[in-house]
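Each remark here refers to the structure printed beneath this line.
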Amino acid sequence: MFERMRKLESRNPKFEEYTRYKIGKNKFIKWLGMEITKIEPGYIEAEMDFKEMHEQQNGWLHGGVSSAILDMVEGFASYSLVEEGKQVFTVEAKISYYNPGIASKFFSRGWVDKPGKRFHFCQGEIYYLNEQGEEVIVAKGSATMAVV
Amino acid sequence: MFERMRKLESRNPKFEEYTRYKIGKNKFIKWLGMEITKIEPGYIEAEMDFKEMHEQQNGWLHGGVSSAILDMVEGFASYSLVEEGKQVFTVEAKISYYNPGIASKFFSRGWVDKPGKRFHFCQGEIYYLNEQGEEVIVAKGSATMAVV
Amino acid sequence: MFERMRKLESRNPKFEEYTRYKIGKNKFIKWLGMEITKIEPGYIEAEMDFKEMHEQQNGWLHGGVSSAILDMVEGFASYSLVEEGKQVFTVEAKISYYNPGIASKFFSRGWVDKPGKRFHFCQGEIYYLNEQGEEVIVAKGSATMAVV
Amino acid sequence: MFERMRKLESRNPKFEEYTRYKIGKNKFIKWLGMEITKIEPGYIEAEMDFKEMHEQQNGWLHGGVSSAILDMVEGFASYSLVEEGKQVFTVEAKISYYNPGIASKFFSRGWVDKPGKRFHFCQGEIYYLNEQGEEVIVAKGSATMAVV
């Protein structure tokens, strides 16, 4: 089970509104069928039903879809901390593939692990729930987000 | 300009057929609208018209789309080297974002930088052509592919 | 505070002995002045007094020293899980620098986040204790270890 | 063979002096026995005799030493581009281990692959020369350097 280190404070009192505004302008997230289900300062949760379009050659969740999901939960976690009007850009990101993605639904969470004025170091994970209701990690990510 | 290190040899005489077979089974690549334009041993080229569905919140190429493209050119470059019937899986991948992706068409190339029996170390890049016809790098990637 | 996901089981009943044997053969760890203080299955703790030789140009802990420390706590965490006689090699590693390393003593921990037959996905962190006794993270790492 | 993309221009006419000054203040590089042999704008070469202190448990070049070498050739390549008085810090770095490091001498080069005002994206490689005088790559790296 995931354990967030500590509560973060946003520089934007209207952080949820601002983050939703940015999410609303993102075309790819809609097309992918991913839904943001929780927005807290420096923390995002999302979920996505697994559809045929998300498959790689073996019928599993495509690694590129996993990368895209992590980029978004990490990036919007970063957006939830910054001042109104600030932009967030991904500088770089790494993803490690822990388990094959075979499930009808995928969940993800992204968080700012270390906030800063110029950068946010973010982390994220994608998982599904097995028959026992336990989280099975599909992929873990780390990313550097620039605040501009 | 990109300069490949050296020619690689495939373990599969029908490498192009096998790689195309794997590409054909990949659902996500079709949905993304990405087309593989060259298959050589350990080397792949691809291109994709920029559509609204590929946009992040500023109207630029979505970082997750870039990750997905790199995952595919790197992964299929790896498939082009292995024996018939072998599988290739991404172990981990990193992407660095060099320039904003604003163009009507994006190109990419992926290559096996260091082949091995158990792993392939791959690299890739996404670029567009500016008005002078020069390549502008949008993102660079490196990935470890496991051969199983 | 760090929270390990779950207890791992070693494939080697004499895991501590075997890991200590490997540590003993490592010349660089001695020269660096780093000491392994705890060995559990898939988990390592270490510490190191900060000496002048560890400094980069500003007098802080050198990023290369941090990389080396993480490589060792992650690698030996991996060694603590494998069968007697097996070797562990770093395939790739990433490090993110969260805070400047300014302290008289540095601590680190490395753990296998996802074990497997062929690979271990590892993570690690370096930290010091501030005046309140709280951990200040200097660097976080993730690495893929191959088991051969 | 390595092929640099293009010549870069430094923002500092006395770039060599400034880079040497920073190298001179770095304690770890001396202890490691690494010598910088070339400084051009955005490009660094170095070499190091292999000594017992650099060994991991099999007698090969320690992965942490490789990380440290890359951090320095990449970081000083970055220093060679910035204005007098500016500082360069490693934000994050990745290293991939291509071949075991078994040689009496190791060479390395680091370069700024994409310069920018706030960041430099850098790459680097460590190699030795085999009996035919060909470069054998031990490790490749990519790093984000912040310019402050």
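By letter and in written order, the chains are A, B, C and D; residue numbering begins at 1 in each of them.
Everything that follows uses one rule, which is that contacts are C-beta pairs under 8 Å (C-beta built on N, C-alpha and C of every residue); 3 or more make two chains touch, one makes a residue touch a chain.
Predicted, not measured: the structure shown is a model, and the values here were computed from it.
Note on interfaces B-D and A-B: more C-beta pairs are in contact across A-B. Of all residue numbers used where chain A meets chain D, over half belong to both copies. The two sides are thus made of the same residues. With chains reduced to the mean position of their C-alpha atoms, the one farthest from chain B is C. Distance between chain centres (mean CA atoms), chain A to chain B: 23 Å. Averaged C-alpha coordinates put the centre of chain A at 33 Å from the centre of chain D. With centres defined as mean CA coordinates, chain D is found 27 Å away from chain B. The set of chain A residues touching two or more other chains comprises 91-92, 94, 96, 144.
Taken in their complex, chain C has these residues touching chain B: 91-92, 94, 118-119, 144, 146. Only residues 1, 3, 5, 94, 96, 98-99, 113-114, 121, 137, 140, 142, 144 of chain C touch chain A when the two sit together in their complex. Per the touch definition, chain A reaches chain B in the complex via residues 22-23, 25-28, 31-32, 52-58, 62-65, 67-69, 71-72, 75, 87, 89-97.
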